[in-house]
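Input: structures, listed below.
What follows is subunit A paired twice: with subunit B in the first complex and subunit C in the second.
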Partner chain A sequence: MSEAVNNNSIQEALNKKARQRKLIRTILPYCGLLFVFVLFTVVCRDDSGKSIFLDRGNFQNLINQCFSNIIVVAGACFIYATGAMDMSVGAVVGMTMFTAAATLRAGLPWPVALIVSMLTGVLLEVTVAVVFQNLKVPVFIITLCMMYLEQGLLQTLVQTDFTINYNATSFLGNSAGIKAVVLIVILALTYWLFHKTKFGPKLKAIGANRTTATQGGVKVILTVCLGFAVLGATAGVAGFFSLCRMGYTTASSGAGIMLNVMIAMVLGGNPLTGGSSFKLANAVVGALIVTMLGNGLTLLGMVPALVETSKGVLYLIIVFFTYDKSKGYLVS
Partner chain B sequence: MANEVLLSCKGICKEFGPTRALIDVDFELRRGHVCGLIGENGSGKSTLTSIFAGAQQPSRGEMFRDGQPYKPADMVDAQQHGIAMIVQEAGTLPAVNVAMNVFVGNLERFRKHGVLSTKAMLAAANKALEDIGVTDIRGDMPLASLNFEDRKIVEIARAMYLNPDVLVVDETTTALATKGRHIIYNLIKRMASENKAVIFISHDLDELIEVCNTITVLRDGVMIDTLTGDEMTIANMRRLMVGREMQDNFYRPDWDNRLTDEVLLDVDRVTSGDGYIQNLSMQLHKGEILGLGGLANCGMHELGRILFGLDKPVTGSVKVADTGVVIDSPITAVRQKIGYVSKDRDNESIMLNSSIGDNITLPVLDRLQKGPVLTSKSLKKAADEQVKSLHIKCVSAEQYCTELSGGNKQKVAFAKWMGADCDVLILDCPTRGIDIGVKADMYKLIDDMKHAGKGIVMISEELVELIGMSDRMIIMKDGAIVREVMRDPSVTDSQLIEYII
Partner chain C sequence: MTTVSLRKILCALLAAMMLMSVTAAATGEQVTTADGETFNYTVGATSNYVIDYGKYSDVDWSTKPTFKIGFAWMSSSDLLWAMYERAVRYACDVLHCELVFVEWDTSSTTYIADATENLIQAGVDGIISGLIDGASVDACIKAGVPFVGCLNQMNDEMLKTATASGVFCGNVIDDDYVSCYNSVEALYQAGCRNIAWIAAAPGTTQAEIRSKGIMDAIAAHDDLKEVANYRYSGTNRDAAFEALEQIIAANPELDGVALANGLDVTNVMYNNDPDHYIKLGITDLCQSYVDLFKDEALIYCATDQFPTEVIAFTLLYNKLTGHEILSDPSQQMVRYFLELHNYDEMVTMWNASLLNVFPYTAEQILDLCVEFNPAANEDLYTQYKNDYTIENVTKTNQKYLDSIPYEGRLK
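So, the complex of A and B:
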């Protein structure tokens, strides 16, 4: 009898440990967010000792940067959940900014430009999905090629800065209210699609085991294409609002976003192999952290190029700590 | 020297997260003995032996080799201590040649002035292979050119070249045909006669009685009993493994072989893409269990894939009889209420790193979403229903499939199609690698489905199982149907084997 009680208590202890581990994994990204927030609030001060991380000018900056990152990351969940990735997403944002600018310069109203921008993104991303699934080329290779292709195209099209009539659309780029509404609408839509329709479970099933998904009757190729289309649309929205804020676009607009997206995914605790444990909220938290990091490091006086370097180092560190070497995938 | 304790352990415990794989295991292996190790899937056999072989470290407990404390750091270290293991899964490297595979982890031996001496290594590999009685596999062959069985033989050579005192054979024989089994049996005999020892894990109880001196039974990570001599009977082993009395005949109880006239699936002169199956026709009836039997390469597995639309026939068609719809893809098949359980369960049938619920609801996502929202409540309900009706052993439907035993994983693969309310089920080796307890549940389930009017295609390499379950058996050989046999108590497996070979 005493043996049985003993065994039960051991089992109970093990269960408790497993629950704790799960809890830690759930709250860890949020702790990271809090940590980064507090750190930069404390560390970033001007000469008089006032915190500059949260003053009005920088707060505006932070909101703008968060806006683009969160929107693109929310869309990127729809492809990362399937185990795919997109190295070209930055160039895609650049392309959408260009087509939006061209539309506005042609004298068309801004809603048309927004739609053109989103369609550009959808078209480019769906092209990637069709090519990599039909040619069976690894998605990393194909999107890397697409990135160079699109960057080259942009450089040809945008010789110098490509400006639009700033005054006509700057209200869209600079109003915190409008941006908040857009952000909420997009997050609500992506949350609904990802967690409250059959679309999300299908994407995650493809990430978990493509063969099982196929045998379970999932239209794998179509589903993946739709996932890429969602990313394309969000890239278009991000590109359009960036254009409105800046009033011009350059050949290098959008560059660097793909690394932000990847870091956001892992910092938020989503596995890069995709699969069932993928959560939109995690990715959004990751996007917030990565934005604050970039912003905070710049505030501390780091040269922008070095900010990229530190992101690279950070990425390496995260992968080192979260990569499950025995199984060959990132901890889910 | 004989009968001395060669390897022993005391109080071995091993935990994986909240799962207790081994609980206070004490074990002794004596010189000159062949010890069988049995237990259902998940009972801890492989965990225990992989701890002996250094592949894993115990959470607690001690091991002794010839009375001295023994603590292997890894498999190579264990091998240096004379303890080698042939593992259950394929543990070979396909990208390099046979010799590299034999000596992987020990390539230092062939270093001459800092350079690997390929010549010496090839010669040593050939010798190692000859030592175990193999002459048709050579050291310089690329591993990728070998078939599955020959790869296993390379693993045997790897385990044996250091002349181990203890050899662990983990369910290897199920992967081997006559040639490989012969090699293993010879090795086991040789080890025993040289006063060494073998630990032999197998699901084949007859085989164990034949080769073992003692048989140790594990259940749920606990050492239950060790049988010797006359105690080693199939009935005893089954009882100890399952923990209750098992009936001898756990197949269908009836011998009724009447078929209904109603055809569910009509296979009309199909030819497979590689031309192996040509002009094959057959029909599946409502409420029929149709057994497809033959050797592994007879084309029955490929036929199963064609039936579900995974491979497209180049000529001919698979049609759903009452709607006339041609099955051309798994998407159509699922829509037409056809289900398929692959023989490669872990790689194809289920998503291991997903919850039981995610797996079960996959084919019914389209049906569960009514309106714009798919509620988690409807998902949970669909999953819980199947977990309950199939008695899947788990904490909840949210538990991940990686944590389940083989039999329970197979139940999840079944549950998926039960929940989808399929009319036709194509089951490719539904009981492969599953222990008796769950096997009996599976047979009961298949029989229930038959009585519910479903049509079942049961593909199996085990003739006894086909005879016990099918209404009608189609025996295949070289991609063609050679015989059709109706259900009858007089059918024997030796009779069927003649058609197969």
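So, the complex of A and C:
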């Protein structure tokens, strides 16, 4: 009897510890965000002592600056949850910007350009998914190949700065209000899809164990393709609004986004191998941290050489505390 | 690995990073001129500019306005790229202004606008931007912050919008077309008749203008043959080196190569053309070109865009002090490159531009500012543009260039 009591109390203690660890892991990314927010609110001040970080103008800047990152990151969750990653997402955004620009230059209205942009993203990402799943080559390699392919295509198509009638669409690119509404709508939609429907759990099940997911009745190929399609659609939205903001696109538009996506996932504490602990909110928090760091360090007037060093150090610290190290490998 | 040992490693890493960043700044080697002025001449030195005010030495700076200037540009980790920032920093120091320098974060699609907005939020009085897009123009107009562009073309729509705003000071660019045209012309004059050329991939206005310069120069001579050309992606310069190797191997008749960008092809040329039969004409500079010039493999290099942003800064400074220089800011101001033809000119340019001696002295910079020189006007700017030659740069900075020990040059 006493052994049974001992076992129960040991089990309770273990359960309590597990709950505490889970709680800490849940709140740590938000602590990272809070830390960055408080730090810059305190140190970024003008000559009169007023905070220039905690300022209406800066909030509008932050919305403008984090918009594309957050939207792409929200879509990327649908593939990262399966343990996959997409090195070609930057090239996809570049291609969506091109097709949107071509549509606007053809005289079609901006809603059509937005739809064309999203369809381009979906088409390209679904192609990636189909190729990756049929060739059964690691997704990292496939998406790297697709990245080169799409970049080459973009360079062939974009012969010079590909401009649009900026004044006709600048209200979309520069309006923090419109972007905030679009952001909320997209985040609400992706959150609902990821956490409130069976789609998200299926993706996570694939990330946890593909074989088990198949045996459990998950249509793995279709589910992964749909995940890539969601990423493509969000890349299309991000590309369209980036085009409206810049007024032109170039052959190198979109390059570098995939690193931001990866950093956002890791800073938010999501495991790169996907699985059950994957959360969309964490990824969004990571994207916000990335944007705030860039914004805050500039407002601080820090010498650029130290900006990169500081970013690296802060990323290291945040990742050390937030990253889920339970799996032993980077990607499946 | 235990948590404790991981933490120790992390602490050590952080300490090492801090130490590295503190010791990163070069202190420089000092020399003294004939009349007793002391300055650092080591490349990358961060202290001891030569600030020669000349006839403006008696200016009472306490009565002059000072401004906070924002400058957005690419990463300055490379020595030559760092000169862009140092040139503006020098001009700010001359005019007792504060510089806020922001590197573009190219991982964002809208990095130009992001940098501009952050600078405005940081409270700058004026902005110099190496590239201007629609959102940057809008942000500056909305905030009422004067801005000037430099180094890259702006499209007509943006120029019109910016000019109509009243806060736009103009766009100062380098003559990419002429420099690339002249590089092919120099090869032709040197006797080259079978030329290959390499340029950045289509996709930016600058790449197209430079390529057009090369193509037009080739087309201008009936007896000049284009044997090959290659367009490389901006993110994959290694492909350009491989392409050059293949072009040299596949075309034994090749005797000239025109490069539209400063690719570090020195090793490629030494490995594949050790006798220097093939001549090079290049726009933009690389540190290793000194060897190519010494061996006379390189016969033309158009370089030194660094003063472009100094000129742009003076336009901005004039605007901030209430003076308009350009009668029509929508007409982009085009500066000529410095054209180098031999090793001595390279050494002079290197010492003048890359050390703490800048081609435009403090006196010359103040000459361009109405606040100090009421006669400063558009004609003076045109004269500055036309007078920018290696001979004039040498003459202006003779006493500083003479004081640098020969073996110390190009260090």
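A few comments on the model shown:
Just so it is clear, the second predicted complex is superposed on the first by the 255 of 332 C-alpha atoms of A that agree within 3 Å, B and C clash if a C-alpha of one lies under 4 Å from a C-alpha of the other, contacts with A are read in each partner's own complex, and residues count from 1 in each chain.
Note that in this section a contact is a pair of C-beta atoms (placed from the backbone, for glycine too) under 8 Å apart; a residue touches a chain by one contact, two chains touch by 3 or more.
Keep in mind it's a predicted model, so treat the numbers as computed, not measured.
In the superposed model, A:G177 lies in contact with neither subunit B nor subunit C. In the overlay built on the shared chain, the residue A:A251 is in contact with subunit C alone; subunit B does not reach it.
In the superposition on chain A, contact is made by A:G217 with subunit B only, not with subunit C. Contact with subunit C, but none with subunit B, is seen for A:G294 once the two complexes are overlaid on the shared chain.
By the document's definition of touching, of the two partners only subunit B reaches A:K17; subunit C does not. Legend: residue contacts after superposition of the two complexes on their common chain; A:N167 is shown touching subunit C, with no touch to subunit B. Between subunit B and subunit C, C touches the greater number of residues of subunit A. The interface of subunit A with subunit B does not overlap its interface with subunit C at any residue. Listing the residues of subunit C that touch subunit A in their complex gives 6, 10, 13-14, 17, 20-21, 24, 75-77, 85, 100-103, 105-110, 112-115, 117-123, 133-135, 138-139, 153, 155, 157-158, 161, 201-205, 207-208, 231, 233-235.
Against subunit A, the residues of subunit B that register as touching in their complex are 15, 17-20, 23, 308, 310, 330-331, 333-335, 340, 342, 347-355, 358-359, 361-363, 365-366, 368-369, 372-375, 379, 416.
Residues 46-47, 52, 55, 57-58, 61, 64-65, 68-69, 93, 97, 151-152, 154-155, 158-161, 163, 165-167, 170, 173-174, 238-239, 242, 245-248, 250-257, 259-260, 294-295, 298-299, 301, 303-307, 309, 312-313, 316-317, 320 of subunit A are the ones that touch subunit C when the two sit in their complex.
Those residues of subunit A that touch subunit B in the shared complex are 7, 10-11, 14-15, 17-18, 21, 192, 196-198, 201-202, 204-205, 208-209, 211-219, 275-277, 332.
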